[in-house]
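There are two complexes below, and they share chain A, which is joined by chain B in the first and by chain C in the second.
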Partner chain A sequence: MRRLGVILWRYWSTSLQAELEYRSNFLVQAFGSSLALAGSIFALTLFYRGGGFPGWTFEEGLVVQGLYSAFSGAIACVLSPNLSRIVQHVEAGTLDFVLLKPVDAQVTLSLRVISPWGLPDLVFGLAVIAWGAARAPARDGSVSLALLAVLFGALIIYGLWFVVATTSVWFTKIYNATEVLRGLLDAGRFPMAAYPAAYRFAFTFVMPVAFMTTVPAELLLGRGQPTMLLGSALIALVLLVASRAFWRFALKSYTGASG
Partner chain B sequence: MNAALRKMGGLLSVYYAYMTAYRAELILWALANSLPFILMGAWYQAAAGGAFGFTPVDVTRYFLAVFVIRQLTVVWVIWEFDQDVQRGRLSQYLLQPVDPVWRYLAAHLSERVARLPFSALIIALFFLIFPPARFVPHASDVLLAITFATLAFALRFVMQYTLALFALWTERASSLESLMFILYLVLSGAIAPLEVFPPELRELVMWTPFPYFIWVPARLLIGGADVDLMRATVVCVSWIGSLLVVNRVVWRLGLKRHSSMGA
Partner chain C sequence: MAEAGAPIIEAIGLTKTFKVAQKPPGFAASVRHFFKRTYKEIPAVTDVSFTIRPGEMVGFLGANGAGKTTTLKMLTGLLHPTAGRCVVDGREPFARTRDFLSAITLVMGNKQQLLWDLPARDTLRLNAAIYGISDADYKSRVDELSGMLELTDKLDQPVRKLSLGERMKAELLASLLHGPKVLFLDEPTLGLDVNAQVAVRAFLRRYNERTGATILMTSHYMADITALCSRVLVIHEGKLVHDGELAALLRRFGTRRELRVELSHAVDDAKLRTLGEVLSHEGNVARLAVEPAALVAVVGRALAELPVVDLTVHDPPIEEVVGRVIGKSQRALPNVVGAEQGA
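After this line comes the complex of A and B, so read on.
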């Protein structure tokens, strides 16, 4: 465990050093995130020009938006820079090097680099959550339960993303398979109440976006049942185990760069 | 003139062959465009509340039209150009007696043809799942929509290619496009039909290039009576014209600045 800590520290400090060569990019990113957030809030106000989402006040809707922003920031920091490299590894044959190292390959592939470019989204997202939650109708929400829900949500997204990225072992060039997934995550911008029943079913059981933003928001705002956490935990566990099993299965048919 | 046409014909057939080589990628790109369908759901539900002056079925058709128009007007020239500058491929293109813009244009046009069957399949599937949305647009509407979709593509291509030229100075222009893309999403009608914008804002937005990318052609496709065709044509064509001029000026200046990389 200690060894893993040292390795991760090395991985992250080197990748940060590499990224920080492009410091001026940070300003562009920060400007972009504030623009994107302004755009999403504008979209939300359009819904609230008539009716809005049934059962959700505008401020509660903002909390969901904030969670979405924070999640996309975290994804840009950890998930997408790592998992998009799996495709490159397979294509360039460098996956062999990863497999030969005496560190678990799934850990290396999932946590090799960390990128600072998602930070603005993460920070702005947290600010919007705080602002919205402070102005939402007072109920007894729970920050700790909400944080647990966020953790499970993150694990669910990780599991899905890793499974999709792993398919590149067979299909090699599928840079955009993860784009399909990322596109679907857009559904997390709004609470599930915003969608018709068929969509809600799909976003809960087929593509579990509901557990990413809606469930944590409901727990934070004190609208949801803590039993929802059980569902989150169960799906997260299933996906984690599945991603592990799928990875091992994929490796069986991996024949190396020349194969 | 004949020689130019022959060159373009050659480029088109080459790039069509390229595109069909990556069919699986094309399917995935078509699927990755799920945003219209997500927003379709949200606006369907919002319209069911009755506060917006359109029915859920109207919304469904509008976002289906948005999907079609986006499929017809996808532009990615800025990423291609960034790569070509960074890897030094641009220098090779510059040695040939064809302006590189024709290559990019040929790639975009042939991709359109290669993608068409997949888009058609997705729409057919959608009509199968959700029959109430089925409709046959009038021939005149289709004609108008295609005309404005062509203008939309031209406008978007010129705009993105102009931004792309800044790579001649900075080697990386695509971050400019990611800023522009946010404005494009919010103001073009991709996230909400322009009818729900506050009227003053909508009036203002109609003078920018953005609504001509999606809202105008999509609205025309589903038989929009509330599009001022005269103004749409004038505004859209003047944006294309002025950006073309800017593009050629920047191209001349950039070429003087450009020192080849990597070659």
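After this line comes the complex of A and C, so read on.
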């Protein structure tokens, strides 16, 4: 465990160092990141004018929006820079180096780099959650259950994303697929009550975005049943095991870039 | 762990077949290909068997696409063999256990693991963490290897600012930091100038002498092989066609000598052909292949009949020897493998 800690520290410090090597790129990224933040705030004001969704007060809806922003930030920090690199590794043949190191390849591929550009969204999201939850109608919500739900939600997204990224071992041009996934995750911006029943079903069981934002928000606000957490945990577990099995299966047919 | 004297690398009937999508040219064919793919099984490596003892330096020769890299990838656990098996340092490579990965290294001349934007030292520290090397060991190994590679003052420059030769040396340093017992080198001198090639070769020889590491290397530069490897494996179209001493290979297939003549003025090609096979003839310089028995007579005739300015006799370049091995194997070579083994 300690060894893994040292490795992650080296992974992340080198990736941040590399980011700092290019000053102009750093400035452009910082600018882009603040624009994205401004976009999130603008989306929030639109939402406010709409007057909320059935069964959800404005403040409760804010918690969902805050969770969505925090998730997007976390995805931009860890998930998307790492998993989009799998495609590059397969194309350039540098996946060989990942496989040759005595560190679990899935760990390296999932956590190799960290990008600071999701941080503004992450911090903004957390602030919106705190602000919304403090002003929402008082019920006996549970912070620890909500945190668990967030953890499971994160594992669910990770599992799905990793499976899609793994398919690049066969289809190198998979970059679009992760973009589609990103678009679908946008559905998590609003409480599930905002969608027609058929979509709700799909967002819960087909593409489980409900577990990303709505479920943690309901637990935090004391609106949900702890049994939801069980469902969330189950899906997370299944997806994690599936992503690992799928990765091992993919490696059997990995042929390398130069054969 | 391999016992002393037991082979450290063992390939037994190693076979790899790739499934490759087939597409005829043209738009209509592309549309059909989109809906229905037809695949063809391409054998990349077929029934390759050999053993290598600890401390050996073995050259792996063959044309592009002959199956060298595929074999190396199976031996390093990157590719799963379609049939047959291999054992390296007593372990099955594709399981890629921590012990196995810590005992080997693969250096690829066309790919690099160094972090492009950062000094090589950052990659070295990262590798030290990955292989669990202690601070004291890290320091002594970096000092030793960077001294051998004459790289000490280059480790703090961003990798992108290093020359190609320096980058290859840094790549070797990063690949050898964990003290692997078995080195797989795939074109380690690719693209390097002659000085850098010589430096890398000298390093590999010293590394082998100092650590007793086993080395299996491919190279397009025959000088790498002649300088380092006393034994060579030759692979052609996925099949092993020669396994034995380099000297035996040269004796068996490289009996002809090469005669190089420089002339004061151009002569007719036909005139040169009366002396031996013309390998090349450009301007006033010609290279001829001559049977050894006829060498003295041919030299005498050349001096008498041609306006010779300079004349030298060489061993044939090993490319030509390998070409002849391959050429003979295409005409149903009697099983060379085994005949040369243990020579």
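Rule of thumb we're sticking to: the second predicted complex is superposed on the first by the 226 of 259 C-alpha atoms of A that agree within 3 Å, B and C clash if a C-alpha of one lies under 4 Å from a C-alpha of the other, contacts with A are read in each partner's own complex, and residues count from 1 in each chain.
Keep in mind that, in the parts below, a contact is a pair of C-beta atoms (placed from the backbone, for glycine too) under 8 Å apart; a residue touches a chain by one contact, two chains touch by 3 or more.
Predicted model, so just to flag it, every value in this text is computed and none were measured.
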* Please indicate which partner A:P54 is in contact with in the superposed arrangement: first for chain B, second for chain C, both, or neither. => first
* Asked: Counting residues of chain A in contact, which comes out ahead: chain B or chain C?
  -> B
* Is A:V6 contacted by the first partner chain B, the second partner chain C, both or neither? -> second
* **Touched partner set for A:F190, first chain B, second chain C, both or neither** => first
* To do: Applying the touch criterion given at the start, work out whether A:F71 contacts chain B, chain C, both or neither, answering first, second, both or neither.
  => neither
* **Set intersection of chain A contacts, chain C complex versus chain B complex** => none
* To do: Could you pull out which chain B residues touch chain A in their complex?
  => 22, 24-25, 28-29, 31-35, 38, 41-42, 44-46, 48-52, 175, 178-179, 182-183, 185-186, 191-192, 196-198
* Structure fact -> Given the complex, residues on chain A that touch chain B span 25, 28-29, 31-32, 35-36, 39, 42-43, 46-47, 49-54, 171, 173-177, 179-180, 182-184, 186-187, 190, 194-196, 199
* Any idea which chain C residues touch chain A in the complex? -> 18, 44, 65, 69-70, 73, 76-80, 96, 98, 101-102, 104-106, 108, 110-111, 113, 115-118, 122-123, 125-127, 129-132, 158
* Asked: Which residues, counting only chain A, touch chain C once they are in their complex?
  -> 3, 6-7, 9-11, 14, 17-18, 21-22, 92-94, 96-97, 99-103, 251-252, 254-256, 258-259
